[in-house]
Amino acid sequence: MADVLRVLVWGENRHEQRDASVAELYPHGMHTTIKEGIEENLGAAAEVGTTTLDEPEHGLTEEVLAATDVLVWWGHMAHGEVSDEVVERVQRHVLAGLGLVVLHSGHWSKIFQKLMGTSCTLRWRNERDRELVWTVDPTHPIAQGVPQPIEIEAQEMYGEFFDIPVPDELVFVSNFSGGEVFRSGCTFRRGHGRIFYFSPGDQEYPVYHHRDVRKVIANGVAWAATDRPERKAPTLERHSVGDFGG
Amino acid sequence: MADVLRVLVWGENRHEQRDASVAELYPHGMHTTIKEGIEENLGAAAEVGTTTLDEPEHGLTEEVLAATDVLVWWGHMAHGEVSDEVVERVQRHVLAGLGLVVLHSGHWSKIFQKLMGTSCTLRWRNERDRELVWTVDPTHPIAQGVPQPIEIEAQEMYGEFFDIPVPDELVFVSNFSGGEVFRSGCTFRRGHGRIFYFSPGDQEYPVYHHRDVRKVIANGVAWAATDRPERKAPTLERHSVGDFGG
Amino acid sequence: MADVLRVLVWGENRHEQRDASVAELYPHGMHTTIKEGIEENLGAAAEVGTTTLDEPEHGLTEEVLAATDVLVWWGHMAHGEVSDEVVERVQRHVLAGLGLVVLHSGHWSKIFQKLMGTSCTLRWRNERDRELVWTVDPTHPIAQGVPQPIEIEAQEMYGEFFDIPVPDELVFVSNFSGGEVFRSGCTFRRGHGRIFYFSPGDQEYPVYHHRDVRKVIANGVAWAATDRPERKAPTLERHSVGDFGG
Amino acid sequence: MADVLRVLVWGENRHEQRDASVAELYPHGMHTTIKEGIEENLGAAAEVGTTTLDEPEHGLTEEVLAATDVLVWWGHMAHGEVSDEVVERVQRHVLAGLGLVVLHSGHWSKIFQKLMGTSCTLRWRNERDRELVWTVDPTHPIAQGVPQPIEIEAQEMYGEFFDIPVPDELVFVSNFSGGEVFRSGCTFRRGHGRIFYFSPGDQEYPVYHHRDVRKVIANGVAWAATDRPERKAPTLERHSVGDFGG
């Protein structure tokens, strides 16, 4: 890990071009707003770039990934357009130590499904629910500096059952005014990589302008960065008797 | 474990004698209603007895505990009257394999605090919230046979942060109409014993007459019974080189 | 789940045909020995069949999987020959509630990798280590009825780091005489399915004739069977306000 | 948390005074050697003090604990002499955010038992086993900078079953040359506090002079320090409807 955290925000960037209401909320693209929220919180400790689906190789070449400490992922309507080759490349980098922060509808992205091994389906309703995000692990670094609960005035509802493996750590649980609950902040280890999933955020609501949501995403980015000195995946390793000094 | 599951429901039995409203909801004591709910679901597979705080040694002698597979605990206003000696005895039996199901306000009982090592405090409000109990672990035997979600028309609210250790398994999460969430169904292993905490249930609401709540408590009782052949706690054990045949 | 547990043992069945030493240890195929071990322990409670790689569709058609409660998987030298289509089919059934028990070198099978999301690599050495299998979760049903530790005179060594997600439950940890440790018995939930990985067992050692190993596999099969009434995967579910009665 | 981490190493300091062999290994007390190992690794980032059982209130007054970020605990032969009042005070501080690192025979200290809720018993043998400490969570900050495995030439054996609650994170597992395994590095959250248990270390072996053991203890100290701004335990909290803005 470099001294300055190298963060890359990947945005699908389709709704912004197609839907006037989304373009109004996020005039420079959702990825840009997400990037600004990370910068606002991490300051000089991070260098944050962005890239999008329509770049060659979706902007995720070997070189780019090798020079990235934490990748942030937002996608929704075009999951199917992400090439399998790029997904496998990102998975390989995560297993080797790349941090990954998956946001909201990214739950159904190929890369998240591939790392989870499950369908990653959930219950949903887009009717302006109020979401309250409660901290259930107050010792976790991702939960520092946010109120109990975080209040989000209007949001798409995501509810249980959320078909993910049992998270390594459950940090946040959300209440929706329509009556649902959701495990909205979850961590997972895969190989040498750390993954944080955080559900608040949607193209139709100004959630990525919300101070506390931005704080959590920045906390998640800082947490997902590996402490390991090198980017290297676990491998099958042949071992001989007598390898230990004892 | 005997062929027939030997279950003992421990009730504090104070509100029932003091508060007319509680006596009306639970004319034979809350422990009796809880017992009937277990019998309704487990039938001939279980023999269910009851005992209360005011019995000598609170009805929890060595002999009684040794002849019990699963103990169900309900207490609220008189946690402080439970003797430390009995609490230590129950803990010893749990570590040796006694199953324990702790209900609602039992979160603040001496025995639960002792087994958890934390304060077991929480957020609460008694204003007739609607509680919806969502299953987040659909593979768990405790979650079988209940709707998604369980609806409880009126309940005391219990909310996060609930100061417990991270549960071994999180089975249920509740939504309250006032906006809170709660990890309402949790399992823990301690020594050779299994513990299930389930929060729905209160002296001021008819929750122990609710079909689905009764089903969950019965499922929890069946799950908490040990598979081990003998009641014996883990112990410090001195070991010698050469104990293995190899 | 049917009254009688419907178990299917899938064997790669290549070493048995190619290597005389393996054929001597397992004259009717490893899958047959594994099947007999399950029958020995579960008796009339289970109906156990077998199938192999060389059957059409590897013996794992929709119809066969739909009529199976728990699938046991042994493969080693021909993981690459298992068709992706069959692997996706098995994954779909596991997420819908099919139990899966993965044995030994099955750690590197496509189906296990797909459900884990990681490389599933490990450290190994085939030099007749003594393996001692220690129970670290004595309350778990899979650990019932076996000695502490299980002694296996000669085995291939599997060692850490084992690149799997953190198991939901860690039941067994092994010691190898060469100095390694291994998380040898692990459970995972994926969707509506339960998965048990158990590492003892190899084509070059008579491990599947070992009484305690057979007991653990049978325990694992019984545990992996779902309690749910129907085979159905979690799905994206659109939900409307007002769906609850309250 | 202050800018500089305030660490306090608590040593029982009895063997050092009674046993010449221990005094030779640890001429200024084991607590001093442990302190030096932390300083060696954390440098100016930490101020490390020591105190011992024979100080008034065992050196653990309200004032001292309030001015400590992380407490390191080593005890063995005199667990029973630690006053219950001090133990309750330390527990209260841990639940409020004090970090706690428990070493080796501290597994049987009153404070560890109280926070775990179990007997904390284990299997043991003092016959100069070689211990190899394997990392099973390579993404964990406590595991950074140490070889795979750590080799300890001679050690007391600690083996399973170790009667603790399932750890929140399992970082290290040890192999002993006599054939045992042990979950030797475990983390737990309790209230607002973080706890790390690490088993290598004994009064009869020079383990606290071992470079890698010192590194792990220092990593554990850095990890156990809370990120929370204030020292405050979770409490029962009455809540009113309408507390949220929505």
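All chains are identified by letter, namely A, B, C and D, in their written order; residue positions are counted from 1 within each chain.
One rule holds in what follows: a contact is a pair of C-beta atoms (placed from the backbone, for glycine too) under 8 Å apart; a residue touches a chain by one contact, two chains touch by 3 or more.
Predicted model only: the values in this text are computed from it and were never measured.
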item	value
Smallest count of steps, each to a touching chain, taking chain A to chain C	1
From chain A, the most remote chain by mean C-alpha position	B
Gap in Å, rounded to a whole number, between the CA centres of chain C and chain B	33
Euclidean distance of C-alpha centroids - chain A vs chain B, Å	37
Chain B: positions in contact with at least two other chains	130, 132, 137-138, 149, 159, 161, 166, 168-169, 177, 179-180, 189, 234, 244, 246
Partner chain D, residues of chain C touching it in the complex	130, 132, 134-138, 148-149, 159-162, 166, 169-170, 173-177, 179-181, 183
Sites on chain C touched by chain A in the complex	91, 95, 108, 114-119, 121-125, 127, 157, 159, 161, 163, 165-166, 168, 178-180, 188-191, 233-241, 243-244, 246
Contacting residues of chain B [partner chain C, same complex]	130, 132, 137-139, 141, 144, 149, 151, 153, 168-169, 177, 189, 192-194, 226-228, 234, 244-246
